[in-house]
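Labels run A, B, C, D and E following the written order; every chain starts at residue 1.
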Amino acid sequence: MAEPLLKLDDLAVHFQVGSALAGGVKTLKAVDGVTLDVKAGECLGLVGESGCGKSTLALAIMGLVPPTRGRLALEGHDIKTVDRMATARTVQMVFQDPYASLNPRQTVRRTLADPLRIHGITDKAEVESRVADMMAKVGLRAEQADRYPHEFSGGQRQRIGIARALILKPKLVICDEPVSALDVSIRAQIINLLLDLKDEMGLSYIMISHDLGVVEHVSDRVAVMYLGRIVERGSWQEIFEDPRHPYTRALIAAIPDPFHRAAVTAKAKAKGEIASALNPPSGCHFHPRCPLKADRCVTEVPLLEAVSEGHVAACHFRDALPT
Amino acid sequence: QTTPRKGGTIRMTAPYAASFGSLDFHTTPRAQDEIVGKSLNRTLYNFDSSTNKLVLELATSVTASPDGLVHTFKLRQDAYFHNGRKMTADDIIWSYTRIMDGAKAYPGARYVRLIKGAIDVEKGTAKEISGLKKIDDFTLEMTITDITDPGFYFFDGTTAILPKEEVEKPNFANNPVGLGPFKFKEHIPGSRVVLERFDKFYKPGKPYADRIVVQLMAEAAARDVAFRNKEIDTSILGPAQYVAYRADPELSKGILEVAEMFTRSMRMNPEFKPFADKRVRQAINYAIDTDLIIKRLVKDKAYRATSWLPLSSPSFDKAVKPYAYDPEKAKKLLADAGYANGFEFEWTTSQNESWGLPIVEAVIPMLAKVGIKAKPKLIETTVLTDVIIKGDFQAVISSSLTGPDSLAQLRCFYSKTPRSACNYVTFNNPAFDKLLDDAGQTTDAAKRVDLLRQANNILYEEAPVWFFNYNKAVLAYQPWIHGLQANPTEITHQYTEDLWVDEKSPAK
Amino acid sequence: MLIVIARRIANVVPTLAAVIALIFLLFSVLPGSFISGMSEEGRTIDPAVMERMRKEMGLDDPLPTRFAKYVTHVATGDLGTSFRTREPVTTLIGPRIWPSLKLVFAAMTFAIGVGVTLGFFAALKPGSLIDTFSMVGAISGLSLSQFWFGLMLMYLFALKLQWLPSFGYGDGGLTHIILPAVALGVGPMALLARTTRAAVLDVLNADFVRTARSKGMSERRVVTWHVLRNALVLVVTIVGLQFGSLMGQAVVVEKLFAWPGIGSLMVDSVFQRDMPAVQGCILMIVLFFLVINTLVDLAYVAIDPRIRYS
Amino acid sequence: MKLKGGSSLWIGGVLVGIAVAAAIAAPIIQLTDPVLDANLMNAEIPPGADFPFGTDAQGRDIYSRIVHGARISLTVGIVSQICNSLIGVTLGLTAGYWGGWWDDLVSGLTNLMLAIPSLVFALAIMAILGPGLFSLVIALGLTSWSYSCRIARAQVLSLKSQGYVQAARILGYGDLRIMFTQVLPNILGPLIVIATLGMGGAILSEAALSFLGLGIRPPYPSWGSMLSEARDQITTAPWLSVFPGLAIFLTVLGLNLLGDGLRDILDPQSTTRRA
Amino acid sequence: MSGPLLRVEDLHIALKTEAATYNAVEKVSFEIGRGEAFGLVGESGCGKSITALSVMGLLRRPLSLSGGRIILDNEEIQDASVAEWRRLRGKRIAMIFQEPMTALNPLSPVGRQIAEMFVLHQGANWNEAMDRAEDALRQVQVPSPERRIKDFPHQLSGGMRQRVMIAIALACSPELLIADEPTTALDVTVQAEIIDLMAELCAAKGTAILMISHDLGLVANMCRRVAVMYAGRIVEQQDADAIFAAPRHPYTQGLINSLPRLGERSRRGRQRLQEITGVVPSIAGYPSGCRFNPRCAAVTDICRSVSPEITPLPADGLVRCHHHG
């Protein structure tokens, strides 16, 4: 089998918060031992509630936060050994907030052309044509190239953000909640665009979102995160039709369902609030909210174990969930 | 005049800085501090402003040996320190010996050094000054090293007679005790010193006032307001206020003027080539319309300087006329000296309004007319002395004390006086040296005066400096204060036992 | 709480140490020695005497030696001996502290009293006459030259109206402090007026104020219960910073009004090259700043639970 | 402060504009030479037809001196603020961006500068360097950068997590390129505001230092030195102080208004940040 | 008593800027019955919040009510005096805001902020008010309320804060609760809990709800009737079931069909999402005629020139479209 495009092995990112003088330094385990891989041409969905470490994971992959432990391999090479510029040409990222992710003092042209120049493409004509190409691909008109971000709407800005991520022709694009900051009526445009580009350019995605509908729609495989750990991973059908972790079920159950689709019952809903990553509960992190909580959940950390080929869940009762 | 009133408060001002240096007057040479010192302390001699003479203060008589070197003082028997103890010859000896403590470098040492053997004490080779001998409690014999009037040396506040037992207490500077007409009451550092009448003062019936407050007021504009607001009784005036006060019908009634023993001049450093030539130096004196500057800029708050010695000096020659304003002559002299096209020099100056930058600024265009370009270089007053001592200037304008000891002052042009002592222009003139040598040898006062007059006239001719003016000190005073003295050594130094305020004074 | 105090004090120490080092180094390169400063108008000092005094004051020691000496002395609370009076600097500074504090507190009282009040009422009616008026006043207050303003006050209130004494410390009573306090306080006053206005406006637009209104509270209650304290949190920082630096700003006012504070001692000492005294004064000024800032931090802890519990 | 519409910007701009124009055109619009045309025969003439602002004690035309004073005073203001901004921005930018020990060091330094009131610091520096334009600019330019430093640092910290800065890093931009192309242009607004307000402060500080006797070196005048020299003549020749006083007041007022107006445009969120 | 609890008739809200005056909300009418849950849905900026604020009498400059009537329990309140508003707010109409983080006073313990309600409206003294605040907290299922009343807002999680907001709003058992996007800032699992809690409490107290959200699914689940707003106007209003089953306005249709819905792919495989072209117009750039016309797939000439009138639909429904089909 070919090397996966991206492979994470027990990746962890811990932050030191607080100061020695004020209440002591604490360790915040934003990402705590994540193992994942992304194959070429695949879209991996990453879901989880706010603060579970999705963005941190993305930043760690991008090299913007240093991992505390674990390995990160890009096309089989440890990322530490890969040149920063080469990484940049392989992995790129689309950000959540289209307003904050564009430099307000740079025209679209500059935003798109500068990376090319930095990566050694100095031929003016080539830069021009690649910029024009890219703009056309994301649905921007050529005459808009010399405008500043504030002259664009949110959806258009997100298109610029996507264009910037794709200008170096990366193989993998991490999309960190690419539509959640957009107007509802605009979201479809961007989702469609992302899917089109994927086919057109043969991209792989990591699609981070807490909107289960979006994740289901675009993903080939899905990973569910809770408090820094992956609690379930599998193909999109497995996750959405046969979730084997109570948290996944709770997530699905929480979605208001105007069509009364009764796949997951209301009994699956979680109680209470997400614990703080600063002092996560013992054993299974989810146990205080879990409808199935048993004694061993408090003490014993469930491991990610296979439910079926390619479908893993970290629950002591993964095989015995009520339906 | 009516008989002086007893009682009341005199409110004087100390205008030269925002604080007093110290109230241990041996340690401080500042004119500012001496304003208080004059009330608290007494010295062996006194300067009598009415006669411009030095008179005995703590002694009733003095006799000199024929060679003029041994002086025998009969001391006052009625002088008491504020702690109630009577002053004796021991106190004078102790005070002078303390001043010669080499490790402390008291400023008064320069005066006491006149006494034979004082230097040995300073160097630490002797414990006692050999030239001071106590004959009895009230008789003191002093042997000096130069033929001169010791009065010039022992009237300065830094040679005050202090009581040993008080000085040796740890906090003397905060509880000063002296022989003066007023005793210490309180000192609010940065604000004021308050003194109270000392009842055992030795002059009968004096002092008159109950209290003296010396307010610190360095800011002239603020002092002006305070004076007009009747919050203070005396205020020293700058040129601008001098004009204003003279023009005011009320204020003009209370102005005391005196020609102080300060000569303002621009020293020319002969190491700077043009200034080595006498004709250039004279040309500068001719080129500047000094009278105009004094009239318009200094607002007549100065007297035109003729030569080095001030008006109050007995050796001042009234027959000599100051350099006239004559640009043509200046040009000619410059041409003779080889500077027909002029030259450029750097003129070091301080900020001072009467002998600093404003004067320089007014002179620049005048010199420009004869082709001399002056570039002002402003430095701080504090650095000025440093610069002058080091000779680190081409020309420098400053103010110099030129009295009351004319011989001592003229020594500053004596060729053997090093620059670091006070011959800042390294003046060297054999005729001048000879006159000074003679003056130093003679015991005949009249002859000495005449010799010095001649020497002073040589300076006039040689023009080592631009003779600018003698300071006119101006003290404004309120109508209710009486007995102020026109002291030419420093107008703010008043013998306060003679001052009194009438009942119109608003002070309680 | 104790931890917060400890942390603040721990923060103060290095700053203070750095200030000591900085000041010492600055003044060790000062041209013109103290001794030459001792001679005025023609009364020069004997060079031999100067030499000896230099020795006595230890000015001829190499710089590191002097620095080491200075630091060890400061650590024991000894600020050195004044060149000028030959007294310990601490006794020189001691009597100045109280007048300085008085002036600074009076000025701050004025600034807070007038500035905060003006800013507060201006914010309640933005665009109104009082708003425009006080803000024009505030910005003018920030554009005034302090000594000029002081002089004007003197002329107006002492000379023309004869209401107040023009200068000096007097008996330490109220009348003498008013003019210098106003002259010193007008800058912070203007600043506080502006800050308060901005802060109150900020808070008035905050969500929780809308919540309070939606509870059915009267506007007055909203302002007194919810707006004031929150605005205060924003204003306190500025008060602290202004307060802390006021002793340094007082240099000019103290000189003008012949006020016996640290500032005038410092200026005097600078001109007389009395380095130990200058160093001592600056140290006091800095210490005052740090103390006030620490107090402000503690005030925060008292009024803002977000800090208290973090 | 919020005058109606952008009027604070307007009024401020006009006031500052006049001062700048006067400074630039000084040699043209002067009536006499401000230094050389001292004529004691003309000393202390009140404002009138020949001398619109009167003459000073040396007989020099006050108007011409004010016009030239604008050069010095504005130079002091502008150059010292450029120094402050350069120092502050460089330190703040790098500290905020790199963090770590450098950040700790810079923060310490900033606290230090904040703790020593800048007037006191400037006084000390002036005492060391001696009076003069150069030392004045140094004294004022080295002593009040803590504000711009703090602002720059705070802004960088908040920008650092903004998408476009992160995107730049991901795209392989170097640190310096990020600082100069991504960060700096976006924090310029508040920094300009601070510099504008700081200029006013510097002009006032110059006046204060002149009052304390540590001002500008002659022969060219600054407004502060003119004002401080004239203070003794306030009763006898009030025009000597009125005009430099007005010049200072109006220019500083203009700068403050301008700064406020700019803040509304460039830095809309920060109403309380700097005071 | 008869008649609906709240009737909003022909509401207009003006936004005054230096340049011009705009109608931020125009011709908005709806009714809410006693105890009924009514939903108001629309994208960001379409005027939902200010409609709600106008019902609270909380519009502030530059916004102002420029026309229409607000009738609470047969009483016109749009011109009520300050004092009358004060008696209405909190007591009869209460409101929950979107950001629980900023909607609570950070310097005041939450218990006190609840207790304020009892002091204000029921003349309680602080002690008994605090006791009742504790009860109120218990009602919104905050664990150990006796400790929590002393906590400050920053010590609570987002969900807890929103519970406190609910406790404040329901403290005086108001007749109407306006919930302006009460869960947008919360996580989905927490959101579900809060919605359930709100519905439950309101049912218990007989409080009507005006639920504002941009999540059509959420509103439809909770409310009986739903109104859809677009650019300051209500474009469609129907029963919750009907609006999903048969949306009549092209905008509503677009909203329902453009978003991937959970389970959709399982049922029908991946379909290309239906796009709504163009962008949401800004308040200064509302197009003439039908405000949706630049984005509408079925646009005709009349849509560009004539503003469509209301067409009534069965069961109190209405739609504002020339081609409602």
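Quick note on the criterion: a contact is a pair of C-beta atoms (placed from the backbone, for glycine too) under 8 Å apart; a residue touches a chain by one contact, two chains touch by 3 or more.
The model shown is predicted, which means the values in this text are computed figures rather than measured ones.
Participant: Compute the shortest path length in steps from chain A to chain E over the network of touching chains.
Facilitator: Contact-graph shortest path, chain A to chain E, evaluates to 1.
Participant: Identify the chain pair with more contacting C-beta pairs: B-D or C-D.
Facilitator: Higher contact count goes to C-D.
Participant: Report, in whole Å, the distance between the mean C-alpha point of chain B and the mean C-alpha point of chain D.
Facilitator: Distance between chain centres, rounded to whole Å: 43 Å.
Participant: Just give me the whole-number Å value for how far the CA centre of chain C lies from that of chain D.
Facilitator: Spacing between the chain centres: roughly 21 Å.
Participant: Could you tell me the distance, in whole angstrom, between the mean C-alpha positions of chain B and chain C?
Facilitator: Roughly 39 Å, centre to centre.
Participant: Rounded to the nearest whole Å, what is the centre-to-centre distance of chain A and chain D, using the mean of the C-alpha atoms as each centre?
Facilitator: One centre to the other, that is 49 Å.
Participant: Could you pull out the residues of chain C that touch at least 2 other chains?
Facilitator: As it turns out, chain C has residues touching two or more other chains at 31, 151, 155, 255-256, 267, 271.
Participant: Residue numbers in chain D touching 2 or more other chains?
Facilitator: Chain D, residues with two or more chain partners: 127, 130, 213, 231, 234.
Participant: Check each residue of chain A and list the ones that touch at least two other chains.
Facilitator: none
Participant: Under the stated contact criterion, what part of chain A meets chain D in this complex?
Facilitator: It comes out as residues 59, 62-64, 84-85, 88, 91-93, 95-97, 100-106, 114-115, 118-119, 161, 164-165, 168.
Participant: Applying the document's contact rule, which stretches of chain C touch chain B when the two form their complex?
Facilitator: So the residues of chain C touching chain B come out as 31-33, 36-47, 49-50, 52-53, 56, 84-87, 91-92, 95-96, 99, 151, 154-155, 158-159, 162, 165-169, 254-261, 264-265, 267-268, 271-273.
Participant: For chain E, which residues count as touching chain A in their complex?
Facilitator: 43-44, 157-160, 187-193, 195, 214-218, 220-222, 240, 244, 251, 254-255, 258-266, 270, 272-277, 279-280, 295
Participant: Which residues of chain B touch chain D in the complex?
Facilitator: Of all residues in chain B, those touching chain D are 220-221, 224, 238-241, 243-244, 247, 289, 292-293, 295-297, 351, 353, 357-358, 360-362, 364-365, 368, 376-380, 383.
Participant: Along chain D, where are the residues that touch chain C in the complex?
Facilitator: Residue list for chain D touching chain C: 1-4, 108-109, 111-112, 114-120, 123-125, 127-128, 130, 200, 204, 207-208, 211-213, 224, 227-228, 231, 234, 241, 245, 248-249, 252-253, 256-257, 260, 271-272, 275.
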